[in-house]
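For clarity, chains are labelled A, B, C and D in written order, and residue numbers in each chain start from 1.
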Amino acid sequence: MIDKRVYDFDAALEGMADGATIMSSGFGAAGAPQELLEAVLDCGFRDLVIISNNAGEGERGLIKLLKEKRIAKVICSFPTSSNSEITKELYAAGLLELEIVPQGTLSERMRAGGAGIGGFYTRTSVDTPLAEGKESRSFEGIDYVLERPLTAQFAFIKAREADRWGNLTYNLSARNFGPTMAMAADTTIVQVDQIVELGDIDPEQVVTPGIYVDRIIEVKGG
Amino acid sequence: MIDKRVYDFDAALEGMADGATIMSSGFGAAGAPQELLEAVLDCGFRDLVIISNNAGEGERGLIKLLKEKRIAKVICSFPTSSNSEITKELYAAGLLELEIVPQGTLSERMRAGGAGIGGFYTRTSVDTPLAEGKESRSFEGIDYVLERPLTAQFAFIKAREADRWGNLTYNLSARNFGPTMAMAADTTIVQVDQIVELGDIDPEQVVTPGIYVDRIIEVKGG
Amino acid sequence: MARLSRKQIAWRVAQDIQDGTYVNLGIGAPELVANYLPDDREVIIHCENGLLGMGPTPPEGEENPDLINAGKKPVTLVNGASIFHHTDSFAMIRGGHLDICVLGAFQVSERGDLANWATLDNSRPPGVGGAMDLALGAKDVFIITDQCTRDDQPKLLESCTYPLTGKGVVSRVYTDHALIDLENNTFVVREIVEGISQEELQNMTGANLVIADNCTTLRTPEL
Amino acid sequence: MARLSRKQIAWRVAQDIQDGTYVNLGIGAPELVANYLPDDREVIIHCENGLLGMGPTPPEGEENPDLINAGKKPVTLVNGASIFHHTDSFAMIRGGHLDICVLGAFQVSERGDLANWATLDNSRPPGVGGAMDLALGAKDVFIITDQCTRDDQPKLLESCTYPLTGKGVVSRVYTDHALIDLENNTFVVREIVEGISQEELQNMTGANLVIADNCTTLRTPEL
């Protein structure tokens, strides 16, 4: 029997270690797996590399990890938020490495990582500093840069519903990076509002098929 | 007001001409826009280039166009079907050009065409005759071939429901190539089982957002 | 000196967004455009975080933290809206499917180059978000900006001095003083607000302005 | 001479598919594997045309033409199934997410090369379908094939003479006479059907066979 449910955060985070690379879903706070991120804090892991659109928002999740100096590097499109100064402070103090990737390129690189694509050409970032050091190439007179796939050891995702096979639905715009990150990580760990019976999710409405999911933990009100 | 509904096949096919390149959805007969294809037959267009996973199945749609020698070339992964000999006959007689593309590459090339990707590297077809003439390249010791985007003037798609903005749902495995082809063509024409009111399709259940759709025609029992 | 408010610039932009347009509104002033779209037009608003068919701001108390726009503010959905994941959203952007994107700018050059994501100050963390994807992907890029910075430096220039967001991408610039098109690597002034002379406008601009033959007065309601 | 039927080969493959496996079953003989999966295992069957969680063939009269497998035969869905479009399906295949793919073969080489899509006969239209994607994408590729062609030519060879589907992709071959692993560019025989000697098997093979130390008899039910 396939049962991807786990019942505590120790089980959810099994195999994690200092220096882990973690994709973390969410756009701002919508879809951010705050409880999973805070479990990492509680477990004491350090020197983390985080791949996430933002380097946290508000007071929770990534912001807490940043404040406790657990994060060595963030790969993101937009690191700062209007309601936290911690990223700016750590960056100014040389305590945080940032790799800035255009949002669409970030998402597409993760998809490539999950889909077996060895690299792709995009117009985004051509003639900008973010293309520096990257191969460029012209097709039919249009310039492109070569982007490489992005993968991670872990993906942390917040979803709405899951069944024991790991099929997921998401809530409105909290869907954002979850489906792509689930494809791109070795181990995908999902916190869900609700675990439902196998068969309760209409096959046509599954957004992330269970094949991409390794562990599910129910976090009520998460 | 945005209203993409049309009420006859002449309006659906406006702008088509001899030599048109048409993506046609469907995997076998599931999701194949038979009535739209047969309208092309009725309108008399010739020398068509068809992009479709199969070169028809059974007696309808592409098979009819093939029998009437309206198709000059098919770009597909698998041209023959168990229940029609016409593709074999035309090919043997030198009356039909075939370009064989691995199924995943076919689909991914159309996605690239719709997503602004200038090219991508895939392992599929490496060391096979289908990689001949294509650039190859190694990343981290793994060989890839470079594949280029595939677009078309028209996409013909069969869907289940549409609203007047062109939002689409599909029926079960008839979904197949529809969502990708809708992105990749200049003009996307959809035959649907049923047109519903704007707002009737749950935003989370829209599979193809209306932005990809240009014309909708209701074909009951199609 | 006569000068449009942010709301008035947004109003002016809104008048140029036709029925049936798919438009992305960037964070900040561009978000205001949604408030001034004429009622008789159906304009479909895209949010980079996976919405097509953004509706108005919800009434207080009815905000859903899982339904937000690119600026992370609570929004609603209109009838006909759809929701999709981030990679699909940026495939839509990068694949050239949006008609118009409205963005802010630090600088715009007469060749249509846009700089709106980084300055030369390296002490602050950089952040690009979806700006580069939007600038290259939309069929038309409209810019909302002031003619000059707060310390009176022109923002419309022969060449950008800040790092670029995209090269040759801007179609039209809406400033607090004028509506200016980018045509053949030239700033072409279409409308000037009342009370500003062509000379005054030229003096606030770091590149040569061409005044269109049919240049008119830029009028907006009080907002 | 003792020889397994297609159904018996499929039965033998099914025994090797463990609980919790994600498996794609190719068109033809591989489809039969679904019929022999032990009841106490949850095996999730993927169909390239966008299904995960394929169920049994529907009863006559209950077929849905919009619910078919890669062989275009009507199927059903199990509880926990999901449906997705073709590009997502092949992202799943090509991204290495399937544990096992079972395919047919024209030829297999001792280096694990697979030829199963084209012969040297150019008069017939070629067709590759999803075979190349599956052969490269699945973690393990299992092959169902006869030891020899109908005219007694061996199908397990030092090198394939037909155009390749993929190079070095095959993990294991299930034939009408034996179960053979690919290890270090060598055919290693794990099981031989009763009544076939090692010499007879070698004579039906176009490459050197190594008999595993623990080689056993390949037994299946009558099917």
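The rule we apply is simple: contacts are C-beta pairs under 8 Å (C-beta built on N, C-alpha and C of every residue); 3 or more make two chains touch, one makes a residue touch a chain.
It should be emphasised that the depicted structure is a prediction, and the values quoted were computed from it without experimental measurement.
Note on interfaces A-C and B-C: more C-beta pairs are in contact across A-C. With centres computed as the average of Cα coordinates, no chain lies farther from chain D than C. A straight line joining the Cα centres of chain A and chain C is 29 Å long. Separating the centre of chain A from that of chain B, both taken as means of CA atoms, is a distance of 33 Å.
Remark: chain B and chain C have CA centroids separated by 36 Å (rounded to whole angstrom). Centre-to-centre, using mean CA coordinates, chain C is 56 Å away from chain D. Among the residues of chain B, those in touch with two or more other chains are 108, 111, 115-117, 122-123, 170, 172, 203-204.
Residue positions of chain D touching 2 or more other chains: 83-84, 90-91, 94, 136-137. Pairs of chains that satisfy the touch definition comprise A-B, A-C, A-D, B-C, B-D.
On chain A, the positions that touch chain D within their shared complex are 1-2, 111, 113-117, 163-165, 167, 183, 198-199, 201, 203-204, 206, 209-212.
Those residues of chain C lying in contact with chain A across their complex are 47-51, 64-68, 72, 83-87, 89-91, 93-94, 118, 123-133, 136-137, 163-167. By the touch criterion given at the top, residues 19-20, 22, 42, 44, 46, 52-53, 77, 79-84, 90-92, 94-98, 136-137 of chain C touch chain B in their complex.
Listed in rising order, the residues of chain B touching chain A in the complex are 108, 112, 115-123, 137, 139, 142, 144, 148, 169-170, 172, 203-205.
Here chain A touches chain C in the complex through residues 27-31, 53, 57, 76-82, 87-88, 91-92, 98, 100-105, 107-108, 110-111, 122-130, 170-180, 207, going by the rule given at the top.
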